[in-house]
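In structure tokens below, several structures.
Here come two complexes built around chain A, the first alongside chain B, the second alongside chain C.
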Partner chain A sequence: MTYKAQFHPGSSDPSKNRKKYMDPEYKLQKIRSVSDEDVVRVLGHRQPGEDYKSVHPPLEEMGEPECSVRELVEPTPGTKAGDRIRYVQFTDSVYFAPISPYQRSWMYSYRYRGMDSGTLSGRHVVEARERDLEAISKELIESETFDAARTGIRGRTVHGHALRLDENGIMFDAMQRYVFDKSTGEVKYVKDMVGQEIPAPISVGKPLPEEELKTRTTIYRADGVTIKDDPEVLEMVQNVHWERSFGGFEPFKEAKFKEGL
Partner chain B sequence: MKIRPEIQIFPFKLISKETADKITDELTRFDFVTNVSVHGPSIQSSQSENYMVGWIWIEVEDNNENVQKIIKDICDEFLPFGYNIEVGRFTKYKKGVSDYIKGLN
Partner chain C sequence: MVYKDEKHNFMQAMKKKFEEAPDEKQTKYYVYGGYKQNKRKVEYFESGQQLAKERGIPGYNPSVGMPQGQRVLMPYQLSHTDIIANMDDLHFVNNAAMQQAWDDMRRTVLVGLDSPHSILEKRLGKEVTPETINHYLEVVNHAMPGAAVIQEHMVETDPRLVKDSYVKVYSGNDELIDEIDSRFVIDINKEFPENQAEALKKAIGKSMWQVVRIPTVVGRVCDGGTVSRWSAMQIGMSFIGAYNLCAGEAATGDFAYAAKHGSVIQMSDMMPARRARGPNEPGGLMYGIVSDCAQSMAKYPDDPARHSLEAIALAALIYDQIYLGSYMSGGVGFTQYATAAYTDNILEDFVYWGMEHVKDKYGDLANQKPSVKIINDIGTDVTMYCLEQYELYPAVMETHFGGSQRATCVSAAAGTSVAMATGNAQAGLSSWYLACNLHKEQMGRFGFYGYDLQDQIGAANTFSYRSDEGLPFELRGGNYPSYAMNVGHQSAYTGIVAAAHSARGDAWTLSPHIKVAFADKSLPFDFANITKEFGRGAMREFVPAGERDLIIP
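For the complex of A and B:
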């Protein structure tokens, strides 16, 4: 029998979504379309149509030393061309965002090559070669892991993931990078990731309704699905805590969990 | 010095400056309201004063059921998504040591 990875324990909605996102064979559902040019504008690392700047000549011209690892690992397109390392950063609201920073890290690690990701409490940064990064950003922005209201593309001044939402259900952004268009019900980016004005607003579509978000989220919350609703997840979490507390101190001690927690 | 009580409104969503203005305008019409202050996270924008409002503090002459009812009615009108009301003292009402050093009145 071949081993099939479970990725994450549990059978509740957040568990299922976590499994889905982490499974590299699952193709992320595309729910909006944003042009390549607009992605470049939102990132703000280069002008649309501008050449990629490089930090070293293309690998083919460099004459690399003989190395079995270099032969084994195929370089990504950005590495082959010698692109600069650039970044994209997403902020995820605690109010049922489709994904949260920690799961982003897990998901990226399963899905993308040649990238370095960093997890913080409310935001997640990923660094990669410029053209690889653009491809990653485009996929993420267009996919189901991005919600117009609860996810933000923020290079700096990321504060806001744990603040109350505004009257339209949009996550707080001190730089007002995106605005809610009341006439169309869409969210539009009027500034790039670091707060520079962009020539024309970029629409990322309508925010998902609250009920839909609750089924799509990977977040366990007291007012949604809690960890306690899913015995398998609870067991895993308790086990992790037990191992952390007693693993190094009294590893022979049998794990004891409180019933009905 | 009489220390007047304050009533705090904590909306469940961050409200815009416009909505907060409407609430403060309604409140300041009443004689029992002596001061209304608002607080919230600031926004970096070209307009010098732009903010969202997360807390409204109403200083009143005396806190009684009638006052509470009037404030609740106003909140129900402008804050359909819900709010909390608390009574206490939330802003500064007398000079502190650092104010004294700075020479503030």
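For the complex of A and C:
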């Protein structure tokens, strides 16, 4: 029998969405188009058309030492070219954003190579060679894991994930990198990730309705589905806790402890 | 305050913080006038401009930093008080009460009198009686602040600068204490309920101990390592003076040895070289000791939750704001994390709910054996309750706008609840880690890199008491290996330790000596009302010690 990865326990919508995003065989749904140039503008690391800055010569020119690991692992395009390392960072609202920081880390680990991710409560950063990073960013911004109102692209001054939404249902951003265009119903970026103004607004489309977000989200919530409503998830978490506890120091206590010390 | 008084303890604070109802999900932003909505920030701006002119170097200038006040710069209610404070006033630099809380702990050392009395009687053939002890206490209270006893041409400190320095005694021997001048006594019978007093006296026994408070200013200019040295020097001189000894005879070395090593209780252990701090610095402070500094159980013996919350408030200041926030990290950011544990009655609501839930389920506190079932049941119920409050009340979520703040409060409540159910701190710690995992899974987010790391590895050493693998929770502290760098844990750990013992009705957590030493009305900081004192500091109503006004123009 061939092992089939479950990716995540549970049968609720958030559980199903987690499985979907973590499964590298599943192709993320593309729900908006943002041009390559506009992705570069929002990232703010270089100007569109500007050469990539490099931190070493192309690998082909470097004469690498004999190394079995290097032979096994195919370098990413950015690594081959010697690109510098840059980042993209997202903030996901607690109010039914499509994805949240831990799922980002898990999803990225299944889907992307040559990246280093960092998980915090209010933001998630991923670093990679610049051209690889741009490709990752484009896929993420265009995909179903990004919502115009509940996801933010923020390099610094990131607080907002836990704040109430504004009168248009948009997540707070102290730097107002994006604005809600009432005439079109679209959210438009007017500043790059670190808050520098960009020449022309870049649309990331219309926010999804709340009800649709609830079906797409990976976040369990009391006003949605909680992990208590999805018993397999709760059981898994409790099991993880006890495996860590009894797999640690003084595991011989386990038998006694189960009966009560 | 009991959670059933109102639907939730935090409601009053939420209504004062925000215009909208606590369950309203939307608000307005960018319309509050920036920093000008906050009177303290306006003062800072005006002062910054004035100071730049006076000193010729630019300083405070919000226009070069991130504009403050794009959202409501909310005030904070000190938990279980009616005091509403400005957030800036809860940084220890801006809060004299907070400074004094740590000053009072750092400048304290306990020194036994049995050993020197034995030397006086057995080696030197001197008589030690209540009268001679009273005379000695008069001498040492002259000397301890920095006055001469033996030499005749001596520099001394101005008594007005060091008026907070003194020596008192305590003992489990009621008959002896009755004969000591009451001005020098911490009377256990008066400071504790009868059952607690009896337990404390039994634990302390017939021994007599000195509670030494060196001057606040000395602790600040030097460090915690100075405290026992300053104390020992003045104690040695006082023995020589009070008992007419030869300065330099071998017995004086014995007095010094007793006061520095043989018969001394420091507040905390010294730190290893890479963190290099002497004793009586916060890194070496055990959670059980901080819990014993808090005096809530003596004043409110029927309210174990209050004791736990007060211990958390004190620990948030000492470990998070001062130790990790400044000794280890620097900057100002840690205050924002730490205040979550003692403001707005949010953790209050969680801890009281957990305690009532335990009572509803098991009839009373501390009557369950620690087990997987208890930890799973109580830990999960309390965690889910707390998460629900954040999810159903967006005002609460916005108040704790950082995940680490929520992580601290949710896990603290889960931990204190299990500790109260079992009377076992280790079981409470296990519940903390279970709560961390549940929280992370439910929200898909937790704290920050290092915050989460500590909680992913901690379960493995929860139940170990063996050296290098773990410790009884009461004996862990600021320098326990994986606890040494992360804000927002140690406050709650102290609360969990406190909860286990307060639920059992114990008179102390780890040390009966420390418990008695801080039941002292002469201290500037009132350790029975910690959040209230922080609030008085924020309102600029607290009068600290160690001020220098006397010696400046």
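Quick notes on this structure:
Here is the rule we use: the second predicted complex is superposed on the first by the 243 of 261 C-alpha atoms of A that agree within 3 Å, B and C clash if a C-alpha of one lies under 4 Å from a C-alpha of the other, contacts with A are read in each partner's own complex, and residues count from 1 in each chain.
Just so we're on the same page, a contact is a pair of C-beta atoms (placed from the backbone, for glycine too) under 8 Å apart; a residue touches a chain by one contact, two chains touch by 3 or more.
Remember, it's a predicted structure, so these values are computed and weren't measured experimentally.
In the superposition on chain A, A:Ser109 contacts neither chain B nor chain C. In the superposed model, A:Gln29 lies in contact with neither chain B nor chain C.
Legend: residue contacts after superposition of the two complexes on their common chain; A:Phe172 is shown touching both chain B and chain C. The wider contact with chain A, measured as residues touched, comes from C rather than the other of chain B and chain C. In the superposed pair of complexes, A:Trp242 makes contact with chain C only, with no contact to chain B.
In the superposition on chain A, contact of A:Gln6 is made with neither chain B nor chain C.
Residue contacts after overlaying the shared chain place A:Val233 against chain C, while chain B stays out of touching range. Of the two partner chains placed around the shared chain by superposition, chain B and chain C are both touched by A:Thr157.
Contact with neither chain B nor chain C is seen for A:Thr184 once the two complexes are overlaid on the shared chain. The residues of chain A shared by its contacts with chain B and with chain C are 157, 159, 163-167, 169, 172, 174-176. Against chain A, in their complex, chain C makes its touches with residues 20, 24-30, 66-67, 70-71, 369-372, 374, 376, 380, 384, 387-388, 390-392, 394-395, 397-398, 400-404, 406-407, 424, 430, 433-434, 437-438, 440-449, 452, 456, 459-466, 469-470. Listed in rising order, the residues of chain A touching chain B in the complex are 157, 159-160, 163-167, 169, 172, 174-176, 195. Of all the residues in chain B, the ones that touch chain A in their complex are 11-16, 19, 41-45, 52, 54, 81. On the chain A side of its complex with chain C, the touching residues are 92, 94-95, 99-103, 118-122, 157, 159, 161-167, 169, 172, 174-176, 218-223, 226-228, 233-234, 237-238, 240-242, 244-245, 247-250, 253, 257-261.
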